Amino acid sequence: MLGAAGRMGQTVCAAVEAAPDLELVARFDAGDDFSVVAGSGAHVAVDFTIPAVTEANVHALIDAGIHAVVGTTGWTDESRTRVTEHLAQAGPASQGLGVLIAPNFGLSAVLAMTFAAKAARYFESAEVIELHHPDKVDAPSGTARHTARAIAAARAEAGLAPSPDATESGFEARGADVDGVRVHAVRLRGLVAHEEILFGNVGEQLIIRQDSFDRVSFMPGVLLAVREVVTRPGLTVGLENVLDLT
Amino acid sequence: MLGAAGRMGQTVCAAVEAAPDLELVARFDAGDDFSVVAGSGAHVAVDFTIPAVTEANVHALIDAGIHAVVGTTGWTDESRTRVTEHLAQAGPASQGLGVLIAPNFGLSAVLAMTFAAKAARYFESAEVIELHHPDKVDAPSGTARHTARAIAAARAEAGLAPSPDATESGFEARGADVDGVRVHAVRLRGLVAHEEILFGNVGEQLIIRQDSFDRVSFMPGVLLAVREVVTRPGLTVGLENVLDLT
Amino acid sequence: MLGAAGRMGQTVCAAVEAAPDLELVARFDAGDDFSVVAGSGAHVAVDFTIPAVTEANVHALIDAGIHAVVGTTGWTDESRTRVTEHLAQAGPASQGLGVLIAPNFGLSAVLAMTFAAKAARYFESAEVIELHHPDKVDAPSGTARHTARAIAAARAEAGLAPSPDATESGFEARGADVDGVRVHAVRLRGLVAHEEILFGNVGEQLIIRQDSFDRVSFMPGVLLAVREVVTRPGLTVGLENVLDLT
Amino acid sequence: MLGAAGRMGQTVCAAVEAAPDLELVARFDAGDDFSVVAGSGAHVAVDFTIPAVTEANVHALIDAGIHAVVGTTGWTDESRTRVTEHLAQAGPASQGLGVLIAPNFGLSAVLAMTFAAKAARYFESAEVIELHHPDKVDAPSGTARHTARAIAAARAEAGLAPSPDATESGFEARGADVDGVRVHAVRLRGLVAHEEILFGNVGEQLIIRQDSFDRVSFMPGVLLAVREVVTRPGLTVGLENVLDLT
């Protein structure tokens, strides 16, 4: 576990120790020597560190022949490309290595986004409401933005017209426009992180809603990633790509 | 029934005819002579006409000694005051007459607003989401605006601080600000008229939601008003004032 | 259109006439001679008739070389097998014919069921709530039963234990047991047909909900089926099989 | 604080210490001498102990001239009557003392129940869904049962017929019958304690929902009770009676 002393790191360590088919062999954090990891015999490493060091960690893991599951934010197209290239050029010890970078390990959040993208082409209207605790500084949430973009892309591909909207006054009540999809952000004491995606046709509605009440909710997704990354050589981005949704 | 040929008027006529304790004695519409109403023996008249004639109708009803239930929009503080004065000065035939003007006869909508106002002082956070069909031209809806104002007034009276909100970017996703209460407007094909009011404290949430699927939903409220207006002399504004909520 | 005079039949006729890429060439109902259909030049027939005649209709359509979209209930494994065999043995005029039988043409309902089946393996708990108008005589609804069975099958395939449940008293509040999945039926005036599927893990919840407010909501699904059936030779059962959900 | 070492007790102590207008002067638990309380100078005591001792505690508090807020369960009509009688006979030091016994200090739960009782007479249909974590042993929850009884009483008083229900088969999906109101119990990993009350008329629906995510959610209600009990001499049962809902 890289970033073992952080809040997510501690939660992951506890979850790995509680899983009968997994063994925690090393805890690594800022200030530790990487040999703790390289010499641990680990098959898979989980990285919840910080943007400043996560890319270097992943390259070191590839060199050490260890699969990587990465939940740290801050990755760019360029940094992901460097990982792909490193994996392609890696020596014999690193053949078949997998790296999974996921912005979100919440199964309910990832499934909600995935289903929303699939449903999008079949409905005349689509809007997104995200609801969070009031200490959140950005709006709308990254997850909601990501969902709206996926809906917009699916609608464009299916040749749908924009969602109908006759609004002539009061546009400020209509939310943010993310690629043509309206996204509303609610901030309410007592909530944690929630997303509701609404689709409408004449006479019918489909709602996909997910609630994250606690960071322990990410653990099933992290453990699933740890088990699956060893079977997926190369770079995979997004937990949805290791889910079986066929 | 005044405005008997309109969509609401026809629906009210059918509802009155279906009610065992009520009798429909006259249908009046544009072009008809008011003697149709005055000579009908009606105890109560229902007015769903148009803003241009509703005030004149009410004054004629008072002169004819007929109680009035009014669903037509367009009333102002001034026009309401003229009704109050007329009722106060009315002759013997008009003693004890009641006039009920209500912007909304939906029981679920009126109860949602009323409960929201009562709950408001007990929660740190409050927001409103209204959801309507996409042909609606104004946002947020009048009902949502009214609800938000009632919440804001109750919070102010109880000395509450503004709902917490750390948003630093993306304010356009945070909805309209109605007296300090955030109101979000969703427009979705398939919907009719819906309102959801969210309250939050640390560790808990209260949601009051109402759905209006069809204009027939206003009939229980209209019939209730017809039965109650005869017991309430003077002008009453808002269906909530004839509900028994103690 | 077979069953053109029925409520669904009339709605389908109106929807086909309103679709720019489709043409309505024949209306057929009880008492009509089948030559009305056979000689109409129709490429695709839609059957919303009655269980007693729908199978005979489909065989006659195959003989006439017309693709069939069938929404009538009452099909059994045996009657479906007879259609498959007929399609396999059909002469040159019937080569490549498609027959689509669907118990439900509501896109939101079909998508909700499909997504629920895909999500099922990723959650510790799953329950289904269906909500309908109070004139419905059976509980739980066929759709909810179908959804619960699909969830149960997916859970079994993934080797999940039963949903945890410590209930020791009051089992009658826990709903019907459909293959180990609890299904609750709500009956409420004002509702039409609604389904809510709830999934839970530690710290998170996924809800998939669909609302059918009106029978016009089936039209997008019927038109989609009409357009897709011509590209799918043989028998297809279930609208989900003509949706693009990959 | 009586029961200061328990989970609720510790949470209450923390909440009192964080409140600027309150001071925590004594912590009392099993084994402590009651003089800790009697001599503490406390104006108000909060009792979250156990059914076996809570009644004796309240009588001792009355003798000591201390107002009492009681969240412990196990009270009966008889034990409540004894408190009323003791308060009536109390000496000068105990004049004007208030005792508030509340089965639930969650503001959202108490408001939901209260609003449901008020709304009940205005709707043709009413049902209750309660949702809890799967470790709960009883169904339906006490809160849901209490809510259903209050709805049933309000419907009876208003002379309403039973909620319409044409169900002929599958009654086990229709939930428990509590005084004629259907109550459904959902058990789902990830949930804590939630209640949803649904009301329906032709064309409209009202939903009152409350979510309790954490026991800290009871603290605003406990603190409100502490502040209000000093102004309400005699025995008060139920937090709703100290809320201002007029």
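When the chains are written out, they are named A, B, C and D in that same order, and each has its own residue count from 1.
Following the convention adopted for this analysis, a contact is a pair of C-beta atoms (placed from the backbone, for glycine too) under 8 Å apart; a residue touches a chain by one contact, two chains touch by 3 or more.
As the structure is a prediction and not an experimental result, all values here were calculated from the model.
In this entry, subunit B maps onto subunit C through a rotation of 180 degrees when their C-alpha atoms are superposed, rounded to the nearest 5. Taking each chain's centre as the mean of its C-alpha atoms, the one that lies farthest from the centre of subunit C is D. Separation between the centroids of subunit A and subunit D, computed from CA atoms only, is 41 Å.
Between subunit A and subunit C, the centres computed from C-alpha atoms are 34 Å apart.
Averaging Cα coordinates per chain places subunit A and subunit B 46 Å apart.
Among the residues of subunit B, those in touch with two or more other chains are 123, 190, 199, 201-205, 211, 213, 217. Of all residues in subunit A, those touching subunit D in their complex are 190, 192, 211, 213, 217. Residues 106-109, 111-112, 115, 118-119, 121-123, 199, 201-220, 224, 243-246 of subunit D are the ones touching subunit B in the complex.
Listed in rising order, the residues of subunit D touching subunit C in the complex are 123-125, 127, 129, 131, 134-140, 163-177, 182-191, 198-205.
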